[in-house]
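Note that subunit A is present in both complexes that follow, paired respectively with subunit B and with subunit C.
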Partner chain A sequence: MRRLWRWLIPLAVLPVLVLLAYGFRMSPRDIPSPLLDKPAPTFALTTLEGAPLMLAAHRGKVVVLNFWASWCYPGCYEEAPILEKNWRAYRERGVVVLGVAIQDKREAAEKFVRDFGLTFPNAQDLTGTVSVDFGVYGVPETFFLDRQGRIRVKHVSAVTDVVFRETVERLLAETGAR
Partner chain B sequence: MTADVGFGMTVVALVLAVYGGVAAALGARTGRSALVESAQHAALGIFTLVTACFALLTYAFLTFDFSIRYVASNTNLGTPFYYRITGVWGALEGSIILWSWMLALYTLILIVRHREGARELYPWALATMLGILAFFLLVMTVAASPFQRQLPVPADGRGLNPLLEDTGMITHPVALYLGFTGFTVPFAFAMAALAAGRVGDTWLVLTRRWTIVAWYFLSLGLLIGGWWSYHVLGWGGYWAWDPVENAAFMPWLTGTAFLHSVMIQERRRILKLWNIVLVILTFGLTLFGTFLTRSGVIASVHAFTQGSIGALFLGFLALVMLTALGLVAWRWDALRSQGNLDSVVSRESAFLLNNVLLVAAAFTVFFGTVFPLLSEALRGVKVSVGAPFFNQVNVPLFLSLIFLMGVGPLIAWRRASLENLKRNFLWPVVLGVVAAAIAFALGVRSALAALTFATTVFVAATITVDIVRATRARLRVGERLFPAVGGLLRRHNRRYGGFVVHLGILIIALGVTGSHAWSVQTETTLRRGETAELAGYRLRFDGLSAAEESNHFKVVGAFTVTNSRALGVLRPAKKFYPQEQAPIAYVDYRLGLKEDLYLVLGDFARDGSQATIKVQVNRLVSWIWIGGVVLTLGALLAILPERRASA
Partner chain C sequence: MRAALRLLVAAALVAAAIASASAQSKTVSEETVHEVAVQLRCVVCQNLSVADSPSEMAGQMRAIIRERLAAGESPDAVQRYFVQRYGEWILLSPPRRGFNLLVWLLPLVAVAAGLAIVAILIARWTRRARDAAEPVVVDAAMSERIRREVERGS
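Our next item is the complex of A and B:
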C-alpha cells in the first residue's frame, strides 16, 4: 500500500497540466465582435488613385473589407498576395475586395500597393474614423460582408486562402435575405 | 546568408546538446570519465555557437537586415541605435536565444566549478543541464527560429513595441532570465542527487551559492520590472498582479522558501524531501512562467504571441514535472527524515512556518493566476480575480512573514527557553509596541500601516540586538569597533548578508505600505494659464508643443510646478507611433524620499488651449527602490566566499 501511495506524488501535477492544455486551445483574444450580423457602418473615402470609394456603392455584392498598413509586418505582407489572387478569381462572381490603409504614410502605402501589384481599390483612412467605426483593434483585420451589407465574419490576423474561399463561397451561396 | 548561417549554427548546437546530454548521462551510469569529458567539450561548443547566433542576430538588427523576419517584425528604420540592441530580445524568438545563451553560460560555470569535486553528482547535473539546454535549442530550431527568412524583403520593418523603448528593458529581462535560468542549476543537482541515490546534504551545499545568485537576480528582475511599470506605463503603480508578474513572483516565493529551508537541513538533517520538492517546484514554476508569457494562454499586457511554442513548452513542463516527481517517488524511502521537531518554540519551527507561509502565498498567487482558465473550463465564463483578491489574501501572509523575519534568526535551535526568548525579544517587542503608539500619536489611523510599521521596527530591532551583541563579544577580546563589525560581516557573511537582505525587504515593505495608505491623486482639465492643486503642489498649464521624433510623433505638455518654492517645469507627453492604435503615455515625475509628484498627460485640445492631466502624489515609493539597493548589497555579501574556516 505504502509503495503505491507514493506514486500519487507525480500524478498530482496532472490536473494542472490538463488545465493548461485546455487553456492552450482557447484564445484569450477571441472576443466576439458586437458588430456581427449588424449592418456595416457606411463610409466614403478616396482611393490612392483619386477615385471615390463608397461602401454603399457595393451593396448587392459580397464585400471583403481589409484593413492593413504598410508597416504591418508580417501579417499584411502574407495576406496581400492572397487577397489579390482571390480578387481576380472572384470579381466576376459578384465579390469585391476593398482595402483600407490605416495610420499609414501615403508614399509607404503606395509602395506597398505597387510592390504587391494590388489591383483592387485601396484607400487611406486619414482620420481613422472608419477603423474606429468598424472596431478595428489591430492590423490586419478583415470583415466579410454579405449581399445585404451586413458584417458576417470578422477575421483577425492574416487572411489565408482557405479562409477567403470558404467564407466567400458560403456568403455567395446564400440567396436572398436571411 | 545571415539567416542560413544562424539557422545552421542553431541546429549544430541542438545536436551537440542532445549528444552531450546523452554522453554525460551514460558517463554517470558507467563511470567512464571519457564520456563526461566529451560532454564538456560539447557544452563548450554549444556556448560558442549560441554566442555566435546572438552576435549574428544583433548584427542583423544593427544593419536593418529586413530579410530576416524577426528583425523586420521588431525594428524599423526609425528605431534608435540603443533600442536596436535591446530589440534583439524584445520579442519571443530573441528572448529564447538570450535564455539559451545564459543557460549555456551557467553550464560552463558549472563545469569549471564542480568538475573536480562532487564526482558522483556532477555528471548527472551536467546531463540535466544539457538536456534542458537541448529543449531550448529545439524551440529555437523548430518553433521560434529567430533566423526565419522574409520574402519579399520589406522596405521597412514593423518597429519595436514602443513600451519596450526604455532603458529598463536592457536590465529587466536580463536580470529576470538570469534568475530564471539560475534556478536550473540547483534543480540539476537535485536531479543528480535523486538519480545517483545520494540524497544527503551534498547537493545542497554545492548549490547554496547558486541558489542565492539565482534568487538575487530574480529579485532584481522583479524590482526593475516594478520600476519600469511605474515610470513607463503611466498608471502610477509598480505592481498589478498581472499574470506575467505573478509568473515571475511564484518562483521567487518558492525560491525564498528553499533558501531558508536548506538551512534547517544543513543543521538538523530534516526536511530532505521538502527541499527536493521545493527546488522542483521552483524550477517548474520558472518553466510555467515562460509557458504563460510565451503561449498566450492567459491574456496579459506582456503576452508575446501564440503558436506551436505553447504546445512544446507544455510538453516539456509535463516531462520535467513527471520525471522529477517520479524520481522523488522512486527514492521515497531515502528521502524520509530521520529527525523530528523537538518543540514548537524553536528556530526549526519558525523556519518551517516561514516555508508554509511562502508556499501558501505561492499557491494563492498560482490559484489567482489560473483562475480565469479554471472558471472558463468549469463554468464556461471568462472571469479574472483582480488585485483585491491577491492583496486580501497575501497581505496577512506577508505581514506574518515579516514578523517571522525577526523571530527566525535569533530564536534558539531545538527548543527555545524562556530565558532565550526574553534575552532576544524583550526589547524588540517593546520597541515595536512603542513604534505603533508613536505612529498612532502622529495621526496614522490605518491599522495596517501601523501594524507594518510596528513589525518593521521589531525586526530591525532584533537585527540590531544581534549585531550589537556579537560586536560586544569581539570588543571584549580586545578588537576595535570598526574592525570588529567588519570582521563580523566578513566571517559570517551569509548570516549578516541575510540580515541586510531582510533590512532591504523591510524598507520595501514600508514603501509598499506607505504608497498604498497615503498616496493621493486627482484628474482635471486645465486651460492654458490655469492652475490645479494637490497636496500642497500647484501646477500651471503653460501649453503644448509637438515634435517629430525618429520613429514617432510626440505631443508634450508643459506644467510649471511650485509648492512653497519653485520646482521647475514638468513635461509629460503622449507619443504617437504609426504602428500603434493608441498613443503611449510618457510620464514625467519628480522623485523624492517622502513623495513623488507624478504627471500623466490625458486628452488635449489640438490647438493647445487645454489639456487633461492626471496628477498623483505617491508617498514613499522611492523607498521601494532604495530597499532594492540594500537588498542587492546584502545579497552580494551573502554570495562572497565563506571565510569561516579562518575564524
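Our next item is the complex of A and C:
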C-alpha cells in the first residue's frame, strides 16, 4: 500500500506534464478556419480608385484575397512586393489578386498602395463586415480561392514567394471538376 | 391660428421622432448587444471580450451584432454566425458538450481529489499524534535502569 502511494503521486503529475508539453508547443495564432473548402462569402466593396470590387465578378479565376493594413509592420510590408510581383506574373494565367485594407485610414492606405506601386485592386473594408465574414483575426491574412470560389487555403502571416507560387500553381492545375 | 397650427405640427413631429427613436432602441437595446458581445472573444486582443475591448475591430463587431439583431436575428443566431466564421474559438466559454466537458469537469475532479488527499492525510496525522500521546508503562525494573543510565552518563 505504501509503495503504491509512493508511485501514484509522481504518476499523477505525468498527464499534467504531457498536457503542458503539448499545449506550449502549439502556436496560439494557429486557429483552424471553419471556412476551409466552403464557398467564400461574397462581398461588394469600392476600390481606393472608386471602382466597384466584387468577388463574384472573378468566379472562374484563382483568387488571392489579401487582408492588410498600413499599420501592419513588418508583415504587410514584406508581402506587398511579393503580391505585386506575382500578380504581374500570373494575371495572364487566370489569377487575380485582391487587397482589402482593414481598420485603416484612407490616406494611409492610399500611401501604402502608392509606396509599393500596387497595381491590383485594393479596397477598404470600412465596416469590418468583410473581415468578419472571412473570419479574419489579424493582418496579414491571405485566402486562396479556387476557380469555383471555394476557400482552399488560409495563410496567416506574410505570404512568401514560395507559398504564393506553390498554392496558386496547385489551384491552377485543378481541372475544375472537383 | 396659423401659428397654433404650426406649433401643433412641430409638436407632432417631435412626438413622432421620439416614438420612432424609442421603437428603434426597443428592438435592439444596448443590453442585448452587450449580452451577445460579452460571450465573444475580441479577435485582435488577448483574453478580452468584444464587449470589453476598446479596439476598432471590437467596435466593428459590436456594430455587426447590433445590425444583425436589428434585422431580426435572435441572439443565438448572431452567435452562430460568428462561430461559423471563426469556429468555437470565438466563444469565451467553450460549449458544455463532447470533449469540451473535460474542461468543465476536470477542475471539479481535481478539487475533489485534493480534498480527499487532505482528508486522508489529516486522518493519518491525528491518528499518529494519538498513538504517540499514549502513556508508556514503566515498571520498577525499567525505572531503576533509566536512573542508572542517566547517572552513568553524567
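In this section, the second predicted complex is superposed on the first by the 151 of 178 C-alpha atoms of A that agree within 3 Å, B and C clash if a C-alpha of one lies under 4 Å from a C-alpha of the other, contacts with A are read in each partner's own complex, and residues count from 1 in each chain.
Operating definition for what follows: a contact is a pair of C-beta atoms (placed from the backbone, for glycine too) under 8 Å apart; a residue touches a chain by one contact, two chains touch by 3 or more.
Predicted model only: the values in this text are computed from it and were never measured.
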First (subunit B), second (subunit C), both or neither touched by A:W71: first
Which partner reaches more residues of subunit A (counting touched residues only), subunit B or subunit C: B
Partner chain in contact with A:A44 - subunit B first, subunit C second, else both or neither: neither
First (subunit B), second (subunit C), both or neither touched by A:M54: neither
First, second, both or neither for A:D115, with subunit B first and subunit C second: first
Which superposed partner A:Y137 touches (first subunit B, second subunit C, both, neither): both
Partner chain(s) touched by A:T127 [first = subunit B, second = subunit C, both, neither]: second
Which superposed partner A:L17 touches (first subunit B, second subunit C, both, neither): first
Touching partner for A:L35 - first (subunit B), second (subunit C), both, neither: second
Common interface positions of subunit A, toward subunit B and toward subunit C: 103, 136-138
Parts of subunit A lying in touch with subunit C, wherever the complex brings them together: 31-35, 102-103, 127-129, 131-138
Of subunit B, residues touching subunit A in the complex: 69, 72-73, 76, 150, 152, 154-159, 284, 288, 291, 295-299, 303, 306, 310-311, 314, 317-318, 321-322, 325-326, 328-329, 332, 370, 372-374, 376-377, 382, 578-579, 581
In the complex with subunit A, residue positions of subunit C that touch it: 43-44, 56-57, 60-61, 63-64, 82-87, 89
Residues of subunit A defined as touching subunit B within the complex: 6-7, 9-10, 12-13, 16-17, 19-24, 26-29, 69-74, 77, 103-105, 108, 111, 115, 136-138
